[in-house]
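Next, two complexes with chain A in common: one pairs it with chain B, the other with chain C.
This part shows the complex of A and B:
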């Protein structure tokens, strides 16, 4: 029999998880990856909120509709000539009274290398199973809920929005380029077609999935040794040592997350 | 770059001059940064023979190593012919400076029977002025069509082959204001002037807008 038994129901688990989500704060990361045929450098941040806990014995806390708010900023550079064909203005001839007939040569345009920056903020809801994990590190006991497996993120709508954002950002970047107006629509269409929804998913998935893979919420944290003050003077304060903690989902009258704690004086 | 400035010729410009009298003309190509230097090295030649033909001769300006060269380096033309200098995108801004029995000429100071063309690449209102004297000015209004609309795109492409002429005589430009589509070329033809430039007014701080 444990010295202390703490049990919380699903309502309590919801409160614990939401506190833990707030305590987790903002996660961030950066790197580079493939965006269709291009290489993009990116930075991303994510926060978590919400979710409804379902305690499933013996060892699962299922969180439904956890909301991940995220911002992904990325940019990619490429030689415009690799996307749109060479373009030449035709020869132009005019008659000038005191000079005669004059014809300019064809002018062929060298398209430059461009960098397109895109920023996208949105949220995605997901459901994941978490397992309790108890650790003692550096004299501190922690009970974490750790995501099992790789939660599925529905990123299709975000990818479609990002393709639109890429098109808008590309148009802004391309517009000041001399003569681009003549092929602007072609250029923007060529860029978004080259990337495609699959290309955006190929970038977005590896950016966002690590935020939820192995996602861990700390729901209980306690020093292994802590001081207990006497109820009545002149007794001295004593140190109590938490020698063991276990966590499990137990199904009795109702499902509960139960912590069993052993103490030694 | 595609700045409107006849003092620095780029791939979107040409400079033309009609040679009315026979004789030898020697010239050089200089980057805009070194326009002002003694006329001692004039490596390119134009032999102007007697006759009246009114033919056009094109000279391609390009970089070889770090030197601007003219191709062909030596031209034989008839009096009354036009020589038109042009370049490719990789050529830095340049000017054509020469002298012959009829005197000197300089593309950065346009005189009678010379020509400066500019293909306008971006939409906007371009006020231009003479950067030397300031008494001459005009406006080129550049608009664009929707390249995504097949009908407008077709109209646009067809329009590119049509040029617009602005004749300059003294301190007067005729017409003073022209409207073109992006990609179209304006020919600034100097009938009579004593050394002017066609320069975006913003470059010399004279823009009204």
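This part shows the complex of A and C:
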């Protein structure tokens, strides 16, 4: 029998996971990727909350409806001429009595390169199975719940919202451009059409999936040199060594996450 | 039957783990086991810090009083049910109890009050006389709480001790009572925080316990 047996039931595991989610804090990442025909640079952050724990022997903690709140900011640049053809206003000449022939200059519109920034915040819920993982690294014991496989994220609604956000952002960026007024709506429509829902999903998926792939919540973390009693003058601290730890889900008349811990003085 | 029963968290400290903790406590704080009236009570241990020094027992006509020493070895605990191989009668390990085995070494500084006035004893030298006794005890555990509900420590109380084969019986009874009081006081200095019983796992507020059964000390609580 182990020196210490610590067990927690599903109700307690729910609280434990909430605490672990809070302790995980904000995850963030940045990079670049394809947004339809464009290349976008992006940064993203995510936090986790909620979820209901279901302990399944011998090795599974199923978390249902974990909420991932995220913010994705990205921008992409492109030559507007690739969307709207350049054009020239032809020279116009008129004969004016007593003055002679007067001509306007030929004016050519060469559309500029524009950068469209977009920021989108939302949340997505997912369900995933986690396995307990025990590690001893650098003198610290940790028991993590590690996501098994790649949890599915339903990003369709987010993609539709982002397409709308891209359209609004594009309109703001294009509006100040001279002579755009007549074709503004066409340009915005062309941009959103070029990107499409599939294009947004192609960017959003690779951004958000890594946050949940291998997602890990720490439910136990202790120094291998475990302080039993703190130092109080004139006495030194009392420590023991945590020599071995195992973690498993055990099912009896209740499902419990059980840690078996061995000590040495 | 689940480990947590009707609570959210269970912490079970097996008797081997409890003995590891006691060994750690008394190794780090040997002064909790070694008491003496002066440096004239010799070690081991040699280090002064390993002793609790207290006053000699005053007695009229004995300048400086009676020098003494009391030392316990690190107690070895056995939680109910008995797995120690049996207890000496009349001790019996009832439910929710623990037994312990230790030794006590009593030292008396034997000297004379006459000193320089006695030509046969020109100096007041004292001789430490020692007796080492094996003893077995039984006791129970308690929870004491800090200000925060559910937070506190486990303490150990010694209810009785038995020293075998001391005659006459009255002397045995006297020594058993004396040593029980001393051992109870020494062991009372050991206060295991609730979180130590779970080795830091699953921070909880104690709802039930400590309970002693199945060779374990058990705590039950809810997640903080």
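To be clear about the criterion, the second predicted complex is superposed on the first by the 233 of 265 C-alpha atoms of A that agree within 3 Å, B and C clash if a C-alpha of one lies under 4 Å from a C-alpha of the other, contacts with A are read in each partner's own complex, and residues count from 1 in each chain.
The definition used in the following text is that contacts are C-beta pairs under 8 Å (C-beta built on N, C-alpha and C of every residue); 3 or more make two chains touch, one makes a residue touch a chain.
In this text, all values refer to a predicted model and were calculated from it rather than measured experimentally.
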Which of chain B and chain C A:103 touches, first, second, both or neither: first
Touching partner for A:240 - first (chain B), second (chain C), both, neither: second
Touched partner set for A:259, first chain B, second chain C, both or neither: second
First (chain B), second (chain C), both or neither touched by A:181: first
Partner chain in contact with A:134 - chain B first, chain C second, else both or neither: neither
Contacts of A:24 with chain B and chain C, given as first, second, both or neither: neither
Residues of chain C that touch chain A when the two form their complex: 1-4, 7-14, 16-17, 20-21, 23-25, 27-29, 31, 49, 191-193, 196-202, 204, 215-216, 222-223
Residues of chain B defined as touching chain A within the complex: 2, 11-12, 14, 16, 18, 54, 56, 58, 82, 84, 86, 88-90, 113, 115, 117, 119, 121-123, 144, 146-148, 153, 156-157, 160-165, 167, 182-185, 187, 189, 191
In the complex with chain C, residue positions of chain A that touch it: 1-9, 11-12, 15-16, 220, 222, 226, 228-229, 234-240, 242, 250, 252-254, 256, 258-259, 261-265
Touching residues (chain side chain A, partner chain B) in the complex: 89-94, 96-105, 107-110, 175-186, 189
